[in-house]
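Here come two complexes built around chain A, the first alongside chain B, the second alongside chain C.
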Partner chain A sequence: MSVHDWIDFAKGPLFAFTFLVMVLGLLRHVIIQVSSLITGKGRRLRSAPWRRIIADALSWVIPIRHMTRGTVIFSVVSFLFHIGIILVPVLLIDHIVMWEEQLGIDLPAIGRGLADVLTLFTIAAILVLLGFRIFGSRQRSMSSRIDYLLLVMILLPFASGYAAGHANVNPLSWEAMMLTHLLSAEVLFVLVPFTKLAHIVLFFFDRISGLHWQLRPGAGDKVAHALFGEEAKV
Partner chain B sequence: MPSRSRALKDVLWALALVGLVAGVFRMWFGLGATTHMSDAVPWGLWKVLNMVAGVALSTSGFTIGFLVYVLRLEQFRKYVKPAILLAFLGYGCSMLALLFDIGLPHRFWHPIVMWNEHSFLFEVFWCVLLYFTVTLIELSPSVLEQTRARRIGRWLHRLAFGVVIVGISLSSLHHSSLGSLFLVTPVRLHELWYTSWLPFLFIVSAMGAGMMMLVLVRIVYARLYDPEPVFGPASSGINGIVCQIPGISVDSGGVPERGPEMVRLSKLAIIAASLLGATLALKVVDVARRGAWTGLGQGQWEAWLFGVELLIGLALPIVLVAIPRTRRSPYGLGVASASAAAGLAINRLNVGIFGYLRDAGSFYIPSLTEWAVSVGVVAAAGLAFLFFVENCSIFDERSVVARQPGESLTVLFERWSHVWYAALMSGVHRVTLIAVLVIPLAWILLYPPYSGDNIPTVPVQAATGLDINRATLWLNSDRKGVEVTFAHLDHQNRLGKDSACHLCHHVSMPNDRSTPCSRCHRDMLSATPIFNHAHHEQAVMEKERLSGWHATNRTCGYCHPPGQAKTSDNAKDCFDCHKTDMWLTSAPDSTINLSDACAFREAMHRTCIPCHKDKAQEVKRPNLAECYTCHTSLTPRQLVTGPVTANLER
Partner chain C sequence: MPETPEITAATQRTLQGQRLKYYIENEPAGDRVDQFLRAFAAVLEFSDYRPLLDSYCTSSAKCNRCAVSCPVYLATGDPRDIPCYRTNLLLDIYRRYFTIGGAVEARFSRSFELTDDVIDDMLEVFYRCTACRRCTRSCPMGVDHGLITRLGRYALSLIGIVPKALQVSVREQLEGDTHNTSKVPKEALMNTLEFLSEELEDILGVTMTFPVDQTDRDYVFYCAVSDYLMEPETLMGNAAVLYAAGDWDKWTIGTGNYDGINYGLFYSDWHLENIIKRLVAEVTRLRGRNVLIGECGHASRSAHDFVPVFGGKEAYPVVSFIEYTLDCIRKKRITLNPDIITERVTYHDPCNIARSGWIVEQPRDILRSFVKNFVDMVPHGQENYCCGGGGGLVSVDEIHDFRMEIGGRVKAEQLQKVHADIVIAPCANCKKQLKELVEYYELPCKVMGLHDLILKAIEIPGAKSPAERAEEAALLAV
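On to the complex of A and B.
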């Protein structure tokens, strides 16, 4: 098989497989969350303070209200990172062609210039976030291997996609970059439902169910320790 | 909940989900894109394995009913409920598979309203439909017991005797009719299987194998949920000590009884084996009577299949049941019953598929989608079986499997991913996880456009004339840019003017003398059919002045030989009628295949390249047969000279 056959394979069956794993995996989270909410909370759900829960959840979408002095840069960067990571993969013109070919969905595209700027922003944001996790003592104490790995895994498709689209910054051939781009994105698809990236859908549930995806056993104490020093306890 | 049934359920869910994906593809893309059935082999896996063999293995519903309600063999009363469940699920999954098989599934109800009383299938349809209803009525008391509608269940239970009698008559009717069905193909079915005794053989073998199926299911149930009655107390298997249970005898051979249930099971197996013995005897007598031995002796592959069918389906189970040692062992009986069921399936496949292949002149290997649907439907029936067994008292009054406390909501933290999993251990969690992994896999394996034999269609665009006389043609037929500028008039003049046409053009449309290549070779990459069947029917009808309501139905015999499958291989030669009206010369090439026109690219290359190769020697221009002589855009850079560069710039 030539490299073009591999690219066709990665664009066709492998894309369908990994994309379906992601979609079904996220759907599964929704099903399990809903079913466990119903079995766990049952009728109490009806009297839940829905308005407050939704307002609380929305207030975390734009994290300005939750910024404290030490976390401003981290919060702003992570907010920008989310804009790029949602807009570029979905609305880039090359991807829209693929959505239409494979899924028959027609979406409006963002301009190539804007996409380039957003991609560079996202790459920069990933590097900044990685820097925080590596050099910031608070963030480092809350991070584990998977947190670094996921950031690198998100960096890969963005960087390789940008390089594949701009021959002047591409150190390798277009084919090699394209294949890297496709395969890394597809690995990421598979990782989404099985890692904390599942907050794509779980975000909407964690406020309701009271189970927060970010927290690991004993994490509360670690967070308090990182934020307020030795003696703090949750 | 025993972990054994959990593992089995996981596998069944995976298979059923693969079947679901395959079923969706079959409905969406149609039979042609998803199955390997053809006009020559129209009866595939779904009809023969799921329907014909499936209902044959579900006969226990009426045979056990007959033993208990008619012959009053009260000891088998315990098996009535499982037998009915087996019949219900067997018929249910046969009908489901058939729904995928018929060309227009939304018209499945047509035989209810539109009666074709000349058809055996019509009778089979009605009997299967009614018998399915009967099993539903018979089964409902045990299901309704668990719900609030107990009273309806008890009322239905009172009808039991009458319903059982109706069930017996319906079953004996349609099991023989399924055999009669194959009687309409006396020439096509191989002589080893074609016999006027088919209806009789079908019902006797189905009764035997159906009972064996019940034995198998009883043993599997015991293995999964409740081993003691069949396999005996756990200790006896370990240290080999003969266990004396009060009231249960040890047989004369000194082999320990495994469990109290085994006595009854081996009795049932003896009845089943005698029916299988009757089948074997009938078969041997029948083959001898018809003198079909010659076919066996000639070493045809059908003879091997016939032998395998007799060996696995009849001889092996009979021998295993006849030997007391294996008859009394659950494992021996399990092997005997599984082999009887498999042998029956092979028999039905032989009669329904393999027996026709020699006559059809083609082979049939079911596609992955066909296997997936076929197995998936059975897996779904298996899941339904486990559900009924766990929630209703099927095998025993007290056999409703207790709910495990572990089934409730649990919360687990996954360290690797840092995700909180709610409901990790419950059934929903497992099944959805299986779905997430299995559905995408099934998707890429079964999605018809991904399957290898699917070549994309690239329509051919007609050649453009670069001047008013079409002396020079421009061929960019797939609009991909690797075009050819072809000096048509030049070639014609060089090769001998008007007498040269036939050197390249081989055939024209009827009554045409200059059909362009792209009229027939319509696709760049794949062959396209050029024979228009409907048009020929109409033409023959008009020419022969046939009349009647469906006059075109009388045209078949003009091209197809009687008593054989109507395929393009044995139809009348095109040149029998088109003697002169399609030829450019007086000596037509009669070896040409007129049903399909090969791919355009192939046609062009095969016409030009051999001649160019010959001429390359003749005129001493070695490059004449190279790609870039015609496809000038492929010229290597170092060879580009004046006129070709000009061509590239254009």
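On to the complex of A and C.
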């Protein structure tokens, strides 16, 4: 197989497969959450303060209201990072063609210039976030290998994609860069449902702790009886 | 004695070493790891925490944004006080021992293992956190550290690890003779009510006999039972409002249960539910129509949020006294004289009713209606800082130094900056902690309940006017 065959394979079946893994993996999270909420909370779901819950979740789309002392720089960087990783992969002209071919979805594209700027911003944001994790003692104390690894894994498709599109900054051949770009993105797809990146869908279920404060009636007694017998004492 | 509560890098360094230790009645004997896992398994089996834990386990970003919102972390700068650090202790256990992914991972790699050291760590950090939930508002994922802290405490309590002060109180409330946390027998309650009547007669010049065990009333009244011993002014303020509004024959205190305290909210689903059930049973016995909760943050939240959950057919509406008073003012059923309170007054939001509740503007509306010089702390409302005694910590005497030096330090700093003469805190727990803070840091302000202040300004038909009362009080003070 020539390198072009590899690229075609990565663009075609491999893309479809890894993308499917991501979508199904995320769907699985949603189904588990929704079904356990329905069986666990039942009727109590109806009386939940949905408006407040949704308003609160939406308020994080542009988190200005939440930028308090000590969180401002992080919030701005993280915001740019998220904008980049959502917009560029979805709306870049070359991707639009792929969506069309593979999934039959027709989306409007953003201009190349804008896409380039966004990509560079995203790369810069990733480097800053990585810097926080490496040099910020507080963040370092909280980070494990996977937290660094994921940032690098997100950096790869952006950096390689940019290099593939700009011959003047590309140290390798176009083919090698393109293949790196495709494969790293596909690895990322597979990682999404199994790592913290699953917050793409789970962030909403994280936010509804208000529902989880509605404890299950009778559960406390059952726990006590199971552990200490029927005559359980305080 | 510290000069100032201000937090500097140097104070942080000295505070980092300060441990939190509380008395435990019966230290668990034998293998604590095994016992803990069994207890946690039982909780997971019968309650429905799993979906939330699954979600947190997978998606917590470890971004650290929550750290700077926590008053404990701000005081110490210790990584162990980062909200996400503590939450991850429990999540790691859940992931490793109660999910398939964790089990598989453990097979193939050296993964997390629950040890005695981890139990010791949890034993401390779950009580360094007051479960105030401030950090939840700054977490982009919305991870509810208050809920996790509480769950961790719950599992620990099932193997016997719980501050003795809390356990003894709950035992008395659920299994003791007096059925209340302060062991106030019925006779003592009656004596106190008589004393309050006499005091009210002295102050106001009208006779009010407290209604006890009256049936078919609109409101059955619950306050933190400790108020009967320690906060007579608050109770007299409550009584004055009911009397002035013409509702004196619409409420009652029940002698079967007169304690609104529910420490179950702080550490145990088991106790939380049974205390709620006892509370509604008394309302049913008296054929009351509403639960009226006095000035207490956690009592208000536990009744308001959990009577509907655990009350079943007896899920009576729960009214907080603050809402009741504001309603009386709005409907012009009571009048507060705006010329009596001249001091500079600020308001401390109890976390349980502000951030985790529904009471933020109501008390401010009340205060602004009769206090000329009202000022808010920065930040306040749902962004307020916990007093440092939340989550039941204020009842644990042996951690006084921790509460002063660490837990309440940011609050003390806030109090110092606001320059108020009076800080209003409508909560038995907050009041106790704030009084201790004011004394510890020698802050020039007085801590009071909301209705203590109302008592001074309320106009009561046929009684002495507020101005007369103020004059008399001034004379007495001399």
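Rule of thumb we're sticking to: the second predicted complex is superposed on the first by the 208 of 234 C-alpha atoms of A that agree within 3 Å, B and C clash if a C-alpha of one lies under 4 Å from a C-alpha of the other, contacts with A are read in each partner's own complex, and residues count from 1 in each chain.
Criterion: a contact is a pair of C-beta atoms (placed from the backbone, for glycine too) under 8 Å apart; a residue touches a chain by one contact, two chains touch by 3 or more.
Keep in mind that this is a model prediction, so the values were computed, not measured.
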Touching partner for A:G12 - first (chain B), second (chain C), both, neither: first
Can A:S36 be said to touch chain B (first), chain C (second), both, or neither? both
Examine A:I85 and indicate which partner it touches, taking first as chain B and second as chain C; both and neither are also allowed. neither
Pick one for A:A109: touches chain B only (first), chain C only (second), both, or neither. neither
Using the superposition on chain A described above, determine whether A:L120 touches chain B (first), chain C (second), both, or neither. neither
Once chain A of both complexes is superposed, is A:K196 in touch with chain B (first), chain C (second), both, or neither? both
Broader residue contact with chain A after superposition on the shared chain, chain B or chain C: C
Looking at A:V76 after the superposition, I want to know if it touches chain B, chain C, both of them or none. Which is it: first, second, both, neither? neither
With the two complexes superposed on chain A, say which partner A:A226 touches: chain B (first), chain C (second), both, or neither. second
Give me the intersection of chain A's contacts with chain B and its contacts with chain C, in residue numbers. 32-33, 36, 40, 144, 147, 194-196, 198, 202, 209, 212-217
So, in the complex, the side of chain C touching chain A is made of residues 38-39, 42-43, 45-52, 54-56, 58-65, 67-69, 79, 82, 84-85, 101, 136-138, 140-144, 147, 158, 167, 170-171, 174-175, 268-274, 305-306, 309-310, 312, 379, 383
So in the complex, the part of chain A that touches chain B is made up of which residues? 12-14, 16-18, 20-21, 24-25, 28, 31-33, 35-36, 39-40, 144, 146-147, 193-196, 198, 202, 209, 211-217
Can you tell me which positions in chain A touch chain C when the two form their complex? 29, 32-33, 36-37, 40-41, 44, 56-57, 60, 63, 66, 68-71, 74-75, 78, 136, 138-139, 141-144, 147, 194-196, 198-199, 202-203, 205-209, 212-224, 226-227, 233-234
Would you tell me which residues of chain B are touching chain A in their complex? 408-409, 411, 413, 415-423, 428-429, 432-433, 435-437, 439-441, 443-444, 447, 450
